[in-house]
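Got a structure here, written out as structure tokens. Questions coming.
Naming follows writing order (A, B, C, D, E and F), and every chain is counted from residue 1.
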Amino acid sequence: MEISAKNKMKGTIVDITLGSVMAKVKINIGNDNVISSVITIESVADLNLKVGDEVYAIVKSTEVMIGK
Amino acid sequence: MEISAKNKMKGTIVDITLGSVMAKVKINIGNDNVISSVITIESVADLNLKVGDEVYAIVKSTEVMIGK
Amino acid sequence: MEISAKNKMKGTIVDITLGSVMAKVKINIGNDNVISSVITIESVADLNLKVGDEVYAIVKSTEVMIGK
Amino acid sequence: MEISAKNKMKGTIVDITLGSVMAKVKINIGNDNVISSVITIESVADLNLKVGDEVYAIVKSTEVMIGK
Amino acid sequence: MEISAKNKMKGTIVDITLGSVMAKVKINIGNDNVISSVITIESVADLNLKVGDEVYAIVKSTEVMIGK
Amino acid sequence: MEISAKNKMKGTIVDITLGSVMAKVKINIGNDNVISSVITIESVADLNLKVGDEVYAIVKSTEVMIGK
């Protein structure tokens, strides 16, 4: 399945913090950028996410702001 | 002002498409990643955004999904 | 690629309205529910979306509110 | 009060998981679709949400992606 | 219908800009705060929004960032 | 750094609830409006947020719905 969200940044999971409902996953996408993602712990389990996994950080274009 | 959104990716604007209300801005953040941002044309004018500008693409962590 | 977003609703595209930057796509997911999605016209072209296509409406759980 | 968000899917709450700040609520909207919603536990209390309640899952159109 | 989104700010519509798909609506909520909302022109028509209308600007808590 | 998000409401933090991953921060912006923000506890620490701090609640225009 291809998804409409235009921003797909390939990287490696470097940290996972599990809460009771939500989890924070850190993804190193290179070039000094580490992306922080907050998803449900259910999704962490469903995708069997682990530190070291190669994944994509995915963001819908309408969610991206610009700072200057 | 510092902002709580944890994802701030430095890059260069490579394209701006203006609509009647919304605009699409493409930001090259290096490492083969071009980020697409949809903001109001009012914000493009307020920040005086132009192709070639050094900017940050900013995303709240709760807006980042993971694909594997 | 599997995505962390937990809400994936299968349906059929019943209408597409194209603007200059954004597009509105209506997806009939059955049971009297027609989902409205706003994405870039660039994504409509990239996915070659057409009325009648079988697609998924995808929503991150943190974006779902509840009304009672 | 009528709300601008165009996606309002009627369903029944089938599961509630409470964390310390956030809660995950599962809503069966029929046709094999179970929607996952992440809201504050404060909102769960304010709306007095319980398994079995008839509710609406509400999503702003700009938050809906398309997969094909 | 009561909605889980905790932020409901009462105000008056002071400006509406219509595009081909999206519209920008400005809402004066008092205390020097004018809120900008981007919704579909379909929602503007459905709610029959006009300058001068008393409305609520509604925001899900997970969408609010903090600057300091 | 100036940010494209058009809604920046000045206020005072009146409450902070810390979970294991996420935190809820309440900001009084005057005129009877208390804004609820859900961010990571990491951001609360990074910005050193405390009750009584003067901050801005920041919201992207595409995240604002309208109720009438």
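The criterion applied here is as follows: contacts are C-beta pairs under 8 Å (C-beta built on N, C-alpha and C of every residue); 3 or more make two chains touch, one makes a residue touch a chain.
Fair warning: this is a prediction, and the values are worked out from it, not measured in the lab.
Visitor: Mind listing the chains that sit against chain A and also against chain F?
Guide: A chain counts here if it touches both chain A and chain F, which gives B, D.
Visitor: Taking each chain's centre as the mean of its C-alpha atoms, give the chain farthest from chain F.
Guide: C
Visitor: Round to the nearest whole Å and give the separation of the Cα centres of chain E and chain F.
Guide: Between these chains, centre-to-centre, one finds 17 Å.
Visitor: If you average the CA atoms of chain B and of chain E, how far apart do the two points sit, in angstrom?
Guide: The computed centroid separation for chain B versus chain E comes out at 23 Å.
Visitor: Check each residue of chain D and list the ones that touch at least two other chains.
Guide: Only 1-6, 19-20, 22, 24, 36-40, 42-43, 47, 56, 58, 60-63, 65-68 qualify.
Visitor: Write out all the pairs of touching chains, ordered by chain label.
Guide: Result for touching pairs of chains: A-B, A-C, A-D, A-F, B-C, B-E, B-F, C-D, C-E, D-E, D-F, E-F.
Visitor: In the complex of these two chains, what residues of chain D are touching chain E?
Guide: 1-6, 37-40, 42-44, 46-47, 56, 58, 60-62
Visitor: List the residues on chain A that touch chain F in their complex, please.
Guide: Against chain F, the touching part of chain A is residues 17-20, 22-24, 36, 38, 62-63, 65-68.
Visitor: Chain E touches which residues of chain F in the complex?
Guide: 3, 5-9, 24-25, 27, 29-31, 33, 35-39, 43, 47-49, 53-68
Visitor: Would you mind writing out the residues of chain C in touch with chain B in their complex?
Guide: Result: residues 1-5, 19-22, 40, 42, 60, 62 of chain C touch chain B.
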